[in-house]
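First chain written, first letter: the chains are A, B and C, and each begins at residue 1.
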């Protein structure tokens, strides 16, 4: 047994080496002839596909697959979608290794992602230096596209199709102050960049307008928030709960009622999933109205539901469709400009900023702002959950 | 290659000498000697001097970037060498000292964060590498001493738990370190960014050129690995190493014989921690950033799997384990390479089970024939139930495996469950029933692999890793290059 | 005072789940001296089985059977399913390593953990599963209950705490008053001597795994009723259950129960009274100090080794 195992081992190691060599792409010292737009080009989605955040990544992946399936043939492109897994439990390392992988392959011309702000920060330099456009559907850390405290963590090759925390935070807080007329607010963060950034923005706005703010912090692995619910004062007006897991928002809302707290729930875009978070009375802010209500999206939603039976439309998926659409449009424009040939992926990068999309999946039309790589005139909409669980636009 | 056992034990032909326990003395002889050509080869390989292997490794490692100019391969190489270094450090604590340290990654994190603090804009410090690296190694050793202090009172599983708590403690401090009495020390969940690269004599070593990984870091890593390997080997062969071995084999006997057991435990912790901190420095310099989640229990588990799989106690073994696990995880990310790997594993597994015999031929022929038969039947019922691919290996395979155009989810779930049941049953059967059950099981495995697992490479990676761990532990519980040891519990 | 009562209720609910998971760890460690890292994932599978059973019986909005029967059925299904899973894991992943160095079954357990968590994600997706127990008979599980002062204790929590208690009592009975239980205690005290006394150690181990895994399945359902579950939750809860088992004294059954409750209490009270980010830090420092001064845990047996 041992001898055979040793032999098996040797074979395995040899094939591993061979496999890596065979699959290992060549350097980005681009081939002189360029890439023909009739050949198969590759794009990669970089998102957490396993681990605690897998629900986010898998949802994004399904929408990206749909976009490639529908849009690429219509644009006359042959696109292969690669999948890169950046589990949040493993920190920044997978993102950087994946960046190397895609940068080394001259056929890879664009990235959808990285989905998490941490991964984006860790790998943006690599992508920028290699001229690879990376369009994120969900990384909202403000300093990825804005200069904060004199530093900007994202590079000019980083784009995103959703607005940043510095838009959402003040919008939410302004609604709380002006419309809900709050006096006492409890804000939460979950010890990770998204909620910390958002909660910080809301805290500073509220404090500047004389609202009393209690800030609570829960570890990201918390499942049962009962004790935190207990900490919410009975006379708090609003609890700001920026979770990225809608079921957690639902549970928290139910536990508030269970413990007899009168506070109203207010969540961010991460909780916008009517199928999972629908406790009446709560508020949700999102960068887009509910896409199931947009007439031009009916076909897309139907197609997605057909490919993904039994799954529900969430808030992370449609922006990924949009990001893929932007990338594919940029590729197509670069191909047209290059008369059927792409010299390198830098051509695609140059085209991204100019992309305009008419029937944007999130409603209206889409273009990038001239000042930053964020969407132009991005605003957040406030929704209130009605007694039948549907979301109604209120602000 | 098995550094944990001294090779210079002299056993006279007429029997062991007076004063030497016979059973202990004959330990080295008890290694199973294989017959045949492979046995002879193994004997010759074992007789080679230890540094020959090291030179061979160094040569092979140096040649990889020459052969492969892809930045990705080099980066994977770098990651692998980092894991090999971590495995070496863990080997000191677990393999040589026999202490179950579940907080090891915290030392890696301490080294990483200290380097980020010493060499970034966070506090405006920019120490040159020559100064920073030894300082951090010492810091790591001190923290190791600190964490090792409970080992004086605790042993075995209890020590494991306390060290695990230390790891959780470190994670909490790192994640919330932006609010320590109003001071921002560790940057919190956003980590520390803009860490300097390594600099030698005022000349900074750039981390990437046009986005491509700088191969100089790979060579630095390999050089570091060689230095640490040799240094640890000499430590192992010294008095301290022998004392650690005695501590590992039977702590009570060691204490009774007058070994300074507490001091030994502390030095084991400190040495492992120093290696980990050193590794943290290098890794952080390359990624120019540090985040608290880089040091989560998942990373700890990965390093442990590497160490135990490779054979704890054997430096070459743990290095091999690191290579295997990391390369496997990377290969499985890419569906094409994963496919090749799967079929290779199946072929190797079948050959291992049956050797070169008639049974092997029968089983292989049956599997292939069954596949074609099923494929023909299915495609005659409905063409869309068996799509034919066009390109390369997967195209050829699609003539054998049934790959439906659209698969209802329940088919995937049910076939996966049936496959598990069938595979477990096959391990229990013997003789003819086993031979009969094997071809359908293999075919079903191929079906599940192509239709359920490959389209989802994320979780598939870890499923394959998990299965590999189980199978390899059962096949070789002492690890690949480990030694049969009798454990005194 | 109200806060304290509310937090105590929280602690008891949370602690019940941890205690059930910790019991599984302690039982298996006592008999096999193995830290079964796959236990958390068995718990997760239990919560998924409960979810599946719930939907097979019509879903929480319109169940086909009365609510109490629904709860009994899904818990029973989860317990049975997990018991089978536990036996299969023991038979194929741990039994071949009975005579291997202690760390080999540990790695095998890790492999099983990877396999289970990722298989569930592969087969059933990564979306979180919400039992939506609020919808069960119009929220009666939450509105009914009794009041202590101003604190309302909902029926669901009472059910959780009481069922955990009942299960623990049943377990205590099984372990202390039956012959198999006696065999189990004998095996965990000294496995070799037990075998020499004619106890079928294999059968005892299977029995242990059945018990431990069934408890984990029940805990999974209780967990799922209150909080959304997903494939990766096994790791975190497994770690907490393991911590609870150690605090109480690993290998000791009453210790696991006490440890679970203590851990639930520690989490609830620090979160409720001191919700800065440092509550975790405090908990871990206390735990470390505690372990250093009493390594065998609260109710564990001090390890006296015969030379």
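The definition used in the following text is that a residue touches a chain if its C-beta (ideal position, glycine included) is under 8 Å from a C-beta of that chain, and two chains touch if they have at least 3 such contacts.
Computed from a predicted model, the values in this text were never measured in an experiment.
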| item | value |
| --- | --- |
| Higher-contact pair (C-beta pairs counted), B-C versus A-C | B-C |
| Distance-maximising chain from subunit C - centres being C-alpha averages | A |
| Separation of mean Cα positions, subunit C and subunit B [Å, integer] | 30 |
| Mean-CA-position distance for subunit C and subunit A (Å) | 35 |
| Residues of subunit B whose C-beta touches two or more other chains | 172, 175-176, 297, 456, 458-459, 461-462 |
| Interface hub residues of subunit C, defined as touching at least two other chains | 118, 121, 276-277, 280 |
| Residue list for subunit A, restricted to those that touch at least two other chains | 50-51, 54, 57-58, 191, 217, 219 |
| Complex contact set, residues of subunit B against subunit C | 94, 100, 150, 153-154, 157-158, 160-162, 165-166, 168-169, 172-173, 175-176, 179, 252, 297, 301, 304-305, 308-309, 312, 412-413, 416, 424, 427, 452-453, 456, 458-463, 465-470, 473-474, 477-478, 485, 487, 489 |
| Complex contacts: residues of subunit C adjacent to subunit A | 3, 6-7, 10-11, 13-14, 118, 121, 125-128, 130, 134, 142, 150-152, 154, 223, 226-228, 230-233, 236-237, 267-269, 271-272, 275-277, 280 |
| Residue ranges of subunit C in contact with subunit B within the complex | 29, 33, 35, 88, 92-93, 96-97, 100-108, 110-119, 121-124, 235, 239, 242-243, 246, 250, 276-278, 280-281, 284-285, 287-288, 291-292, 295-296, 305, 307 |
| Parts of subunit B lying in touch with subunit A, wherever the complex brings them together | 32, 34, 38, 67-76, 79, 172, 175-176, 188-191, 193-194, 208-213, 283, 287-289, 291-299, 323-324, 327-328, 330-331, 333-334, 336-337, 340-341, 344-345, 348-349, 351-352, 355, 408-409, 456-459, 461-462, 475-476, 480 |
| Complex contacts: residues of subunit A adjacent to subunit C | 50-52, 54-55, 57-59, 191, 216-219, 221, 223-224, 226-228, 230-231, 245-248, 250-251, 254, 257-260, 276, 311-312 |
